[in-house]
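We call the chains A, B, C, D, E and F, going by the order they appear; numbering starts again at 1 in every chain.
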Amino acid sequence: MQWESWSAFFNMGGYAFYVWFSFGLTALCMVWEVIALRKRRAEALRLTQLLAQD
Amino acid sequence: MNINWFKYSSPQTFYPLAGKMIPWFAWLAAILAVAGLYIGFAIAPTDFQQGEAYRIIFVHVPAAWMSMVIYIVMAGWAAIGLALNARLSAMMAQALAPTGAIFTLIALVTGSLWGKPMWGTWWVWDARLTSELILLFLYLGFIALQSSIDDPRRADRAGALLALVGVVNVPIIYFSVKWWNTLHQGSSINMGAAPKMAATMLLGMLIMALAFWMYTVAVALMRVRCIMLERERTSDWVKELSVQGIAGVKS
Amino acid sequence: MLAFRRRSDVATTLFFFLIVSSLFPLGIGPEPAVLSSIAPGVLWVAALLAGMLSLTRLFAADFADGSLEQMLLAPQPLALLVLAKIFAHWLICGLPVVLLAPIIGLQYALPNDALLVLVFALLLGTPALSLIGAIGAALTLGVRGSGLLVALLVLPLYIPVLIFGAGAVAASQHGMSSQAHLSLLAACSLLALVLAPMATAAALRISVE
Amino acid sequence: MLAFRRRSDVATTLFFFLIVSSLFPLGIGPEPAVLSSIAPGVLWVAALLAGMLSLTRLFAADFADGSLEQMLLAPQPLALLVLAKIFAHWLICGLPVVLLAPIIGLQYALPNDALLVLVFALLLGTPALSLIGAIGAALTLGVRGSGLLVALLVLPLYIPVLIFGAGAVAASQHGMSSQAHLSLLAACSLLALVLAPMATAAALRISVE
Amino acid sequence: MLTAQSLACLRGDRLLFKNVGFELNAGGLLYVLGENGSGKSSLLRMLCGLLMPEDGAVFWGGKKIKEDAENFLSNLTYIGHLNGLKDDLTAQENLYMGARLAGSEVSEESALAALAAIGIARCANLPVRVLSQGQKRRVALARLWLTDSKLWVLDEPFAALDAASVDVLASRLSQHMSNGGMTIITTHQDVTINAQSSQILRLSS
Amino acid sequence: MLTAQSLACLRGDRLLFKNVGFELNAGGLLYVLGENGSGKSSLLRMLCGLLMPEDGAVFWGGKKIKEDAENFLSNLTYIGHLNGLKDDLTAQENLYMGARLAGSEVSEESALAALAAIGIARCANLPVRVLSQGQKRRVALARLWLTDSKLWVLDEPFAALDAASVDVLASRLSQHMSNGGMTIITTHQDVTINAQSSQILRLSS
């Protein structure tokens, strides 16, 4: 194991901002993409159902 | 064999198939990501030159790789779509573009987050950075062109042509940028000078890259399903699907 | 074909080129050393933009008034007609820039041999600009907001030409041989000459549907 | 009025601005010192072009499809309608450029206070660009040889804006006060605000006859 | 109400017509007929103030239209050869924005109703770019269901319309006249429009 | 000679028509009728190869038009809703350049003669920009006096024409058919054209 403690882990040798920002941003983009796609799908289904009704 | 291919290349049959594949790819992506992160943070040693900041490499490089791979795959689908007039291929190309653009953006931003502590600047006009920026422009051009054409068939074909023209140009652009940069000895920084990577680092990067790849497949399939629903709204199979109601939401 | 365009177009292109490239001495200051170091880049970017400005309308008028349909229905191969049109565009917008460039280069205190290289590089490179630009112009026909869209599509593809073109001049300024840059530039133009008319023709067919 | 334009237009303007301003380093080379010295000029030219590309056709579409006639026949004063149209244009093409400029300034290694002055200068100057451009756009309508006319009319009028705008940023880079440049810029915009709508309205009436 | 006095029109170096005059009162219909190029469109544009007459003048309620422009323009609806539609906007948006531009308060529902009246409600949400020639013309003409102005000036409104739409439009025109409106129209087709008083002005070249 | 087999047309997400087929032989005239937006123009563009059919195919002399494009196109004259004229060129230049573009050798005199045939010789040296709507249409139609192609596809050629010009054009069409030519035409007006055999294709939406 590399890390002496959790706080050392979070500190990332003084580069916390850069490292966590990078990983956080990447995760955020991916999660956002998935959520956006789910919304888009729900919307598309709702519309097709509306269309199918009439 | 031939018949099978034709069967699966119609949106109607591909739609449920894609639905079944998505969870598999999603789980694979998640597992690989966990493994990659574990290797990246727990096993890989601290770099003696860059300290912990180098750990950005575990998202940066996979994202940069994927941004290039996706463009090529996208152009491939576009070419098939244009040549065979296959709707599904064109839709796949369209589904890949936003994900590719996002990865490009991630590579750029994480790259500059890396550059600030290492080089003391957010941005230099380095060959690699510059060509990544241009790749972003190519993606955005593709997306902008497709979204500004109303007729989906026309949008498909115009986009496909653009992707093909782009793919011819990408290597030319890449080498020209590289050459441009090495001829002006302006910047004293050279990314190639990064220390020789430890095996664990390489492994971590590869696993993360695989995770990103699986993620891309899953997301592209999700998006292509949305596109199918939107485009074929009035066709019988979509209507049937929505009449089945809940089944349509789940599968 | 040539009569389709007007003399005033030449004037516009020239003016635009002139203005863009004389702006920099005004904005940056008159030191010859600085000016001559940025000259190749500025002149090439100005040429690029001047060409592009006129490109956006290469097919737009034909599209709006229906002559494009007639072009598509002509028995000659479309790629050939397109090539003729692109050539006309180059004669009107590319060539004048080539001819004007040395004069502007003088303003930027470029040495004589660099001027020569500049003219030669523009001569080799501007056809590629017209050719590549035509693809973008054809793709964006009848699309909303097409003026800027065309720039978005085409400018990234222009980059190699820009790099080699500006590189050639810079090399000769630093006393190196610009041979390599120039041959790469010619290669770009040749490749564009082979591929662009076909791609443009295909794009036109798509746009007219 | 605002709904006449779309969100995608904003995006296109932004990317155009971004691309044009990344072209210069490619032409000139990557040294930060050189880049930051030419940054004010480059950014201003890019802003000018982004505006102008969309401006030249500000009224052309209205003219071709007949909405311009309808505008002339509306009971409101024409100058007011014109002003609204110009304002909409600025919101779509001017404002985004102002907001994006600092990010590009970073790429050009501009120091922080110069960045601030840059944004401020663009905010003051871009309205003048839209206003002056509108006159040219109105005059080009349907007039033969309009290209030359518009270049002759508009570009000289743009030059002061560009000189003051780039000058303001350059001054702050050299540690001087950019006060004087900025007030001159504001004066340009005010003058344009008073005169341009009327001139444009008159030009439109002439063009439609 | 609308009076034209000895109008003359010079185009290039050709005198298209001179000494054209008429008076149009509430409920009146004026046909302007003549071959291609005889100057019908030019006359109509002159009556709207888009074209300056070489000689003579146009009066609205006794005042020159240039001098009382605001009042005249708020009483005028002109539809020319060109439809004045934005390709990128939908039919409904076009109608709605157009009416707002002309200074009248129009709701989106009434825009939709107008489209329905001329039989293209189904196209309300399509961008005008994709409509057929006749559908575009109908979107432009739908303005006539939204306006309450007195004077309508229509340049070949029936061109490109199918037979059914021609009838719909003709009956709308009759209704306008019976409400005391005035219409000036050019056409090459034979269409019957009922009006309290109708005159024919024939231009010949 | 021209055969259409089970054509289908999809615009946006609407199926405009399907299973449209016909055969047109030398001397034949085909009217395509239907309301606005029923797909007439789309059908005509499909027959010319400007629009890809969703289903079915078009044959010229037994070969698919895509496969034998050069032969087909040199036998085709298409005049659509748009005139295809350059505003800045004169009528005569337009005609002359247009014909050269279409690959036929045309002298400037014969261009002038064609303009005279349709009655606008007087406008030959005016830029098209200043012509009236009907005159512009006539310049576009003057091409029919210059071409020797077999198949004419005309989309509402009579729109905007005055009565006299309609007659001139109708007799030109009759003459073309009696020489063994073929014509496909859409119109909303009643015009009699003589032909050895004439068919009507009605599209309904």
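Some points to look at:
Following the convention adopted for this analysis, contacts are C-beta pairs under 8 Å (C-beta built on N, C-alpha and C of every residue); 3 or more make two chains touch, one makes a residue touch a chain.
Every value quoted in this text rests on a predicted model; they were computed, and no experiment measured them.
Within the contact network of the assembly, the step distance from subunit A to subunit D comes to 2. Following the contact convention of this document, B is the list of chains adjacent to both subunit A and subunit C. Residue numbering at the subunit C/subunit D interface overlaps substantially, since over half of the positions present are found in both copies.
Top contact pair of chains, counted by C-beta pairs, is C-D.
Centroids built from CA atoms put subunit F at 58 Å from subunit A.
Centroids of subunit B and subunit D (each the mean of its C-alpha atoms) stand 36 Å apart. With touch defined as above, residues shared between interfaces to two or more other chains in subunit C number as follows: 6, 64, 144-145, 149, 152, 155-156, 159, 163, 170, 209. Those residues of subunit B in touch with two or more other chains are numbered 137, 140, 144, 148, 150-151, 177, 180, 184, 233-234. Residue positions 12, 81, 88 of subunit F each touch two or more of the other chains. Those residues of subunit A that touch subunit B in the complex are listed here as 1-3, 9, 12-15, 18-19, 21-23, 25-26, 29-30, 33-34, 37-38, 40-42, 44-45, 47-49, 51-52.
The residues of subunit E lying in touch with subunit B in their complex are 127, 129-130. Those residues of subunit E lying in contact with subunit D across their complex are 48-52, 70, 73-74, 76, 78, 80-89, 93, 97-98, 101-103.
Looking at the complex, you find that subunit C touches subunit B at residues 135, 139-140, 143-146, 149, 152-153, 155-157, 159-160, 163-164, 167, 170-171, 184, 188, 191, 195, 199, 202-203, 206-207, 209. Remark: subunit D residues 8, 11-12, 15, 18-19, 22, 25-26, 29-32, 35, 106-107, 109 touch subunit B in the complex.
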